[in-house]
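Please see the structure below; I have some questions.
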Amino acid sequence: MPTVSRSTRASRVAMAIGLLGLIVLIAAPWWAGRADLRLMGEIYLYLSLACLWNLMAGYAGLVSVGQQAYVGFGGYMLFALSIFGGLNPVVAIVLGGVLAAIISVPVAALIFRLKGAYFAIGTWVMAEVFRLSFAQIQPLGGGSGTSLPVAIVKELGDKKAAREATSYWLALGAAVVVLLAVYLLLRSRRGLALTAIRDSEVAASGLGIDIWRTKLEVYVVTSAFTAIIGGLIFLQKLRISPDAAFSVNDWTAFVIFIVVIGGIGTLEGPIIGTLLFFALREVLADFGTIYLMVLGLVAIVVMLKAPKGVWGLIRERFDLELFPLSYRVRTKDD
Amino acid sequence: MIEWTGAIVQGVLLGGLYALFAAGLSLIFGVMRLVNIAHGDLIILAAYLGLSTTVLLGVHPFLALLLVMPVMAAIGYVLQRGVLNRTLGPDILPPLLVTFGLSVIIQNALLETYTADPRKLSGGAIDTASLDLGGISLGVLPLLTFGIAVAVIAGLQFIFYRTSLGRGFRAVSDNQDIAQLMGLNKAHVFGLAMALALAVVAIAGVLLGMRTSFDPAIGGGRLIFGFEAVIIGGLGNPWGTLVGGVILGVAQTIGAKIDPGFQILAGHIAFLVVLAVRPNGLFPRVEH
Amino acid sequence: MSDLLTLTALDAHYGDFQALYGLDLSVSEGEVIAIIGANGAGKTTLMRSVSGLLRNAPDQITYRGQPIGALRADQVAALGIALVPEGRQLFASLSVEENLLIGGKTGRSGPWSLARVYDLFPILQERRAQASTSLSGGQQQMVAIGRALMANPDLILFDEISLGLAPVIIRQIYDALPGIVGQGMTAMIVEQDIAQALSVSSRVYCMQEGRVALEGRTGEVTHDQITAAYFGVGA
């Protein structure tokens, strides 16, 4: 009698290694230096952004070049709610996520009227609207931005080391939560619906899947989480300005490169992509514009020659899957 | 009152420039369903090519166009046949991501070559010359730009509907396979379409360069204006795009009158309003 | 008479799916042959292969002795092979006349011109400026045929021209066919309407599941033989 299983030996091994690795990473404030801690925090946050963008684009087919709208929104909510609402920064960040979810609904109502590449540009326009709007808010520094007051920063911890550890754990926690949430979503019925939509919208709607609603849900959830990550990003930076908060380069271009190079539409892809991205950055960052041009070139070449990304190549070659997401039929002989 | 009328008139003329941004964009979408994210950056590239030409040869920007247009057209043909043709197909991701990568490359290449300093093309007398019409001052350059936009759109219409080349564009756009049966090499036809689009981009870039100062980073903004003009006007309708550009231009100039920092946001708001009440634009001929 | 077109062990695939299995077929200059078979037999795949819409191994299709199997459709068209595609497939953005004009894009010289096509199908001249898709099915078929003729081909392929047309229209078109192919043009006619196909052709191939099940001169094959080959029953 054939059985259906979801995990493979490779994925079970990967899970075990992953858990061990996680324990090591949690302990990082004790074994890593300050600069390394900051770098790892940055990696976790970019990984989260990449996972989220991948969920929207790779699974729901919503290719957005405007997610920076929510990164900036989350960042500004942190500042606004903690400075003017007197909230603890972590609470402010989470609340920022909730507010982002709310505001993403009317945004979606508008831009979902556009399709394909026009939808993409529409998301960019929205991000610009956010940027220009926040630049008008004088209490938050208008066009030049503002810094996070020391008193609020101290709410994370009295000593610098404690604050940095907290910042780090928040980033790590966020990445784990995002990865877990996306993984569980994809494993669920909803996830199956998403995969169906990704593979063929026409067929999916023929099966009774409400495409519009599913996409809306993904958009809202992704935007909310993206805003939370945005809050964490600017908690680390301690300073915010419209150009930094809503930067296309920092929060969209880099994220897209990570996902494309790593492998779109897979869970492992963003992880690999983030590692490759930061490796590339370490090597080339001194070269400024050349670095960005190389990124662009690599993305183009990958898209043309290996559209499934690095993980796609590995997966095809070795039939490997680290996150147990697919269904495998096992017969007696296996 | 006259000030507001003046602002509206400026907006209408500005719309001509935006219609030029949009013309190339919608031509490409019409022929091959491709949206080029690097479109705005190519406009800026053209402006810089115009700059280098005027500096190296000491000629007026309009004369420089005689060089910039064929160069941009050639770039378009090579780009299409070398890279973009490979992205065409049912999946929207490849063309989007490849043109996005292209955008980043162009921006940074320009940054490397010209630095981030703002530049401007000098048109000489026409930069500041103006006509007085009933108390309203009309800049000669904006007037000329609008006129050129109308001429370009009329020219594109002529090409599309009265020439063998245009017949080929429409046929390939309708049915790529059957067009091939007619002896049309679609790779070549797409290349020609992109060459034509970039020739228009060249005009847009040089006119932009004469009107305002430019730097490598402003390409994205120009893409957005062109895109907004297309969506407001309605897909598949070139004259509609002119109207779309005008509406966008007027929204912006009125916004600027209220507060200079409000100009661009006002344009976006007008775009969103149209998107909300008329998702297919004002004069659509094609569905999204 | 020499072979104009020869198919040798022609295979065709759509992705992983194989549609033609080692097909052998030949057409002599000036011949009109019929290719019949049920839906899914591979007839249209055959037309697509010959016309270049589907790429095959170079030697599997030879035209005047030259291997053309791997050529693009526009290259095949330039050599003088024209296809009247299944379902007409006129260009929706083009008027009737524009559809005809674009047929002449290859610039090949020959007896066919816009005037001559209008002579053949006068109704088209009446409607020359209309959108091609506003015409009736039969008239659209005339445009599709005219479009192929404008290329002045040496070999013309008709893919199911009777599909979706009323019997009287089908008869009209087939009555015009001898006038079309009369001047020594070679033709391959794919048809589900067996009677019409056999009435204009000198040889027939019957296809079944991607293979040739029967081949013979139209005068010599029997009704029973065709039925057997068509449906794949019997020995």
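The letters A, B and C name the chains in turn, as written, and every chain counts its residues from 1.
Assume a residue touches a chain if its C-beta (ideal position, glycine included) is under 8 Å from a C-beta of that chain, and two chains touch if they have at least 3 such contacts.
This is a predicted model, so every value here is computed, not measured.
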Steps in the shortest chain-to-chain touch route ending at chain C and beginning at chain B: 1
Label of the chain whose CA centroid is most distant from the centroid of chain C: A
Identifier of the chain whose CA centre is least distant from the whole-structure CA centre: B
Chain B and chain C: spacing of chain centres that average the CA atoms, whole Å: 44
CA centroid of chain A to CA centroid of chain C, Å: 54
Whole-Å separation of chain centres (CA-atom averages), chain A against chain B: 33
Partner chain C, residues of chain B touching it in the complex: 164, 167-168, 170-171, 173-175, 177-186
Touch list for chain B against partner chain A, complex: 34-35, 37, 83, 86-87, 92-98, 100-105, 107-109, 111-112, 220, 223-224, 227-228, 231, 261-262, 264-265, 268-269, 271-272, 275-276, 279, 288
Parts of chain C lying in touch with chain B, wherever the complex brings them together: 51-53, 72-74, 77-78, 82-83, 85, 89, 91-94, 98, 101-103, 105-107, 147, 151
Residues on chain A engaged by chain B in the complex (per definition of touch): 57, 63, 65, 110-111, 113-118, 120-122, 124-125, 128-129, 132-133, 135-136, 143, 248-249, 253, 256-257, 260, 264, 289-290, 292-293, 295-297, 299-300, 303-304, 307
